[in-house]
């Protein structure tokens, strides 16, 4: 079977599923498949209530700036990769910016965020930082960073490449990997596993809702969470019964 | 006089007092007694409005994980110490988890937090991190961590021991020490000092309210804060007078 | 032409301008003049909604504490520099506290913040931390720190000097430099540049509002942001036309 | 089959083998068995030429100090755990000190090192630091630390426990695990694997000597290192031939 | 004039000059030309007496490992980029490995170092770490790292690309840039500037020898170092006079 | 009794005593007097065999550089504080440079070190870094730094003040405090305590030599180290007996 092309948008159904699982639950489904390092530690959303972010990764790689290549004049040119990324990141994709963990200069400001939002980009994540954070939050674009950073990009960062494999917050990101970000954090799913991981994580999240209802009524986590064969039977019967209120 | 047993719940009166002093004021009362290192630096609550946390420490110690001892299967067993801690931490106690400052894997998720809440545990603090942070916040359990951490516990952490003396965020915690956490942070009070520290800190907090009312009307902090013999007389007279409005 | 004396209050007009530009935009105007290191990285406001802070810097320098000079008794004396700074920082000024990046003890508590607020001080910034953060937020004094810190000042910090040049969060601060802090962060403007920087940054912010309106309607950032000669003509015409609604 | 008791000394043959493999080669043999986290990152020997260290782990766990329990007077008592560890660590064992990564106070000085050396202890490793480092080096006791630390132990560290499982430099250490330290660093081998790991690592080191002789004569690493089936046949023939000079 | 091809070996004369200037003096010549960020901070040589390293950069970029792509079996394949880099780095070049600052796994071991040495590679630098450091030192290959790292490469690092622009220890490295490493550290010279920088740095080093001889006889640095117009005349006369002994 | 003026040279006898005690033993004598924070953590000598450094502190304070004040031209002027410090630091004193822990630019190079050496300055310590480290080591000037740093001073550091109280590596340094640096590290002694601390530390070091001789012959540290009343009697008798060989 052929591999989906990078950035091929994911289906609405898949997006909906992934946006409701929780990033941590998704990382568990990946761990079961042997992937231990999929959660981007140390990045957080710019606004508490921002919507979940789901989409294939479009990557931009930065290296440290150098004075001959990183002037404000060169930066402003339309063929600069940083600005081109804002115009060329595919709608539905997540722009992943590898800043080498350097938050001494910004990876994005509010104008760029607004443009990404208008273009239908699903969100942005960097292991560096953003400037104009309140303005970015106001655009509604789901955005994740390590630490706010006001200084202009060319002070410390030089964009070199689109859609190479990169590292971001210590996690390998290959173009097309599906990135999910929510209130729990950001996780990267290898593209070829996204369907099965989404199914499993969604099922796990549904089971968790069942378990939570029981725990909220005083039941122990023993024999209930994580699920046991018995509790799984109980759960299936409850689902079959039309998910009656748990009292 | 005999020593109170570890975890012996503290009285409602004591709890009420400590929850109203402020963690920083409590640390001052400890400093007067020669204790310089009682404030857990770098940990913060998962939700801005969470209630104050007061209770004797029940400790859980983690060490780094090892692949033969830290599989998901072993983790799920009911005799695993991590899961047992959730079921065995005494009601009214604060679960203190020493993660060695490692936030690469989680110390608690929302199911565990909900169970602790239902069991009447007073709160949780770790120098590592939690997963499902929005879910934890939703339980209302006062919870303090260093940094959110989505990955599953066995990826990096192995639970080894209950109720040993531990370090948490650089502070020594002995079982039964009284832990207070609020919007200012988290402080640990040696158990045998808790009554006198609570009294002194509470008195200091009441004096601060008096001083604040004066400062808010334009008075200098000189001769007022910190209290002087004269200002203390003034305060006592004001208390005796029934705390009339300060205008 | 004579140099303005340090702390000479800045005009209301200048303050108003600077409070509306955004700290990141101000740092850009400084970068154009060759100043690359003007943004205080890693400090943040104590409350999301706090007002913008604008004023000339009044500095206080700390060094590490030493047990013979940093007792609570000495700390409480009215001739202690820390307490004097609270009473002597000029109204309209910003109190900049160089803690050497050390957040193991606090630089300010809520009583001090309240007094500064009542005295008309414009705000406070430190590369260390504050105690009683919720209380500070309640005073409404714009306050920026690196990390909350409950322990009493004398545990780790000793005040040595007023109004010396200092470093704060890696940026040189000379007395009288104009400090601007808002939701984007904190920036320091060399005093002699403040008028021209304010004008330029304000103009840039106004242009950004124009650009944002276009971007919000789907226009590309190419040829629009950063401004080009053509887009600037377009902008001027729009201003001349009375800034009609952009649809 | 019964488990060897913790600290049971390892045989001279095993010690000799392990001291000649190289810590990195040993970590490879562990990786093949699924153990990814066995190398203590960030610790180094106190002297360049110190002998290799091999022995079962005897652990000492520290927590942060507290002023009532960590005075110099209490420290000097013969029942203090820190001093007892120096007298009770079994000959042939490696003393592993978990300092929680804290090098603000020392874990050992030269008197202690000399005593350990005289008692036949195989070496010492900590993720904290030592004082009197030149003196320690002079004793000849193989000693590994994170960073030199002059301050007295009770300033920051309190000893709480012997021979509990601990973490040291991010690696789980169970009592009796065999610790190997040399110019490459320090590695921990789960006790039950030590024989097979030693055999495999020793064989790998011998193959490396063969490969190095070829590389030193200009041969490519392709087809030679890591070993291939063909190169392994070649190696076996060379061994059978009595390891003739490679020219 | 056409640009030299990347990796075109530099002349013996240039190499000799650069190896005698000192990395810090070279960085000064770059600073004069506006390059402020050319010195790789935090890396150091594996052996005190290793020879100076001079050569054009051949880069290898790593990203974080992922379990499906970074097994030991895949690692051992001859088409793996890490192993290919060892066989393909041009003689005379410096292998620059961008490990993203991650020293949790090794970038090179002694077999690889020996092969590079035999192939005539000029040296190696990484912002990660090496394993088998004593073995690497024994090869005589000039090698610079951030921190020794025993674990196998695939535990944390995945090689993705040759000769892309990379960052290493916070400095931009473009293929062909000339890298100089010595007892002072490592500096990167943009390829097009190498001749003029070498000339100027060499001249500066010669002047420093003159100045040092005077300082060693008690002369002040004022009027001597840095050079003044007068001292430069004095120096030229001394050179013209055949550099007589300074007494 | 009047206070010794800052920098008043210390007597040869005192210098000799302090150079033979060991920095860690000195810190113990300070701890007995209540001084817990006197050891400069994280700094180390530039050369293993460099002589001990003893002298009163002459301080130089740096702040972050700013482009208008920190050009190479301004740097080279004879009235620049950095260069003046090299010419004005009193013979016999220790130059203590507070770099705010910033090693991104150098605090001293080999020309400066040579000049200090020729002028009879006792040594140098900074919490930043030096350039030309091999050259500095060659001068024989005892020099302690945090990390080597090749870049020119004005890239990151601006000198602002002589002989103010400063922090260096987290320790308060007041002008005239006596600084002792050796193979164990660097310690700061408040000037008024130097005589009694030297006496006590010297006596402790002599006792340690006695204890070491016993330990080297197999005696336990119990009852011997730290000294007990009995062991002290034994020591005094041994001293009285003319320190006969311990066998």
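Just so it is clear, A, B, C, D, E and F label the chains in written order, and each chain counts residues from 1 on its own.
Basically, a contact is a pair of C-beta atoms (placed from the backbone, for glycine too) under 8 Å apart; a residue touches a chain by one contact, two chains touch by 3 or more.
Here the structure is a predicted model, which is why all the values come from computation and not from measurement.
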Co-neighbours of chain E and chain D - touch as defined: F
Most distant chain from chain A by Cα centroid: F
Rotation in the CA alignment of chain A with chain D, degrees, nearest 5: 180
Chain at maximum distance from chain C, centres defined as averaged CA atoms: D
Centre-to-centre distance between chain F and chain B (centres being mean Cα positions), rounded to whole Å: 40
Centre-to-centre distance between chain F and chain E (centres being mean Cα positions), rounded to whole Å: 32
Approximate Å spacing (C-alpha centroids) for the pair chain C, chain F: 37
Numbers and ranges of chain B residues touching at least 2 other chains: 36
Chain pairs that touch, as defined at the top of this document: A-B, A-C, A-E, B-C, B-D, C-F, D-E, D-F, E-F
Touch list for chain D against partner chain B, complex: 34-37, 63-69, 100-102, 158, 160-161, 164-167, 170-173, 190
Sites on chain A touched by chain B in the complex: 22-24, 27-28, 31-32, 36, 38-39, 41-42, 44, 183-185, 187, 208, 211-212, 215-216, 218, 220-223, 225-226
Of all residues in chain E, those that touch chain D in their complex: 72, 75-76, 78, 83, 86-87, 103-104, 106, 109-112, 114-115, 118, 131-135, 147-152, 155
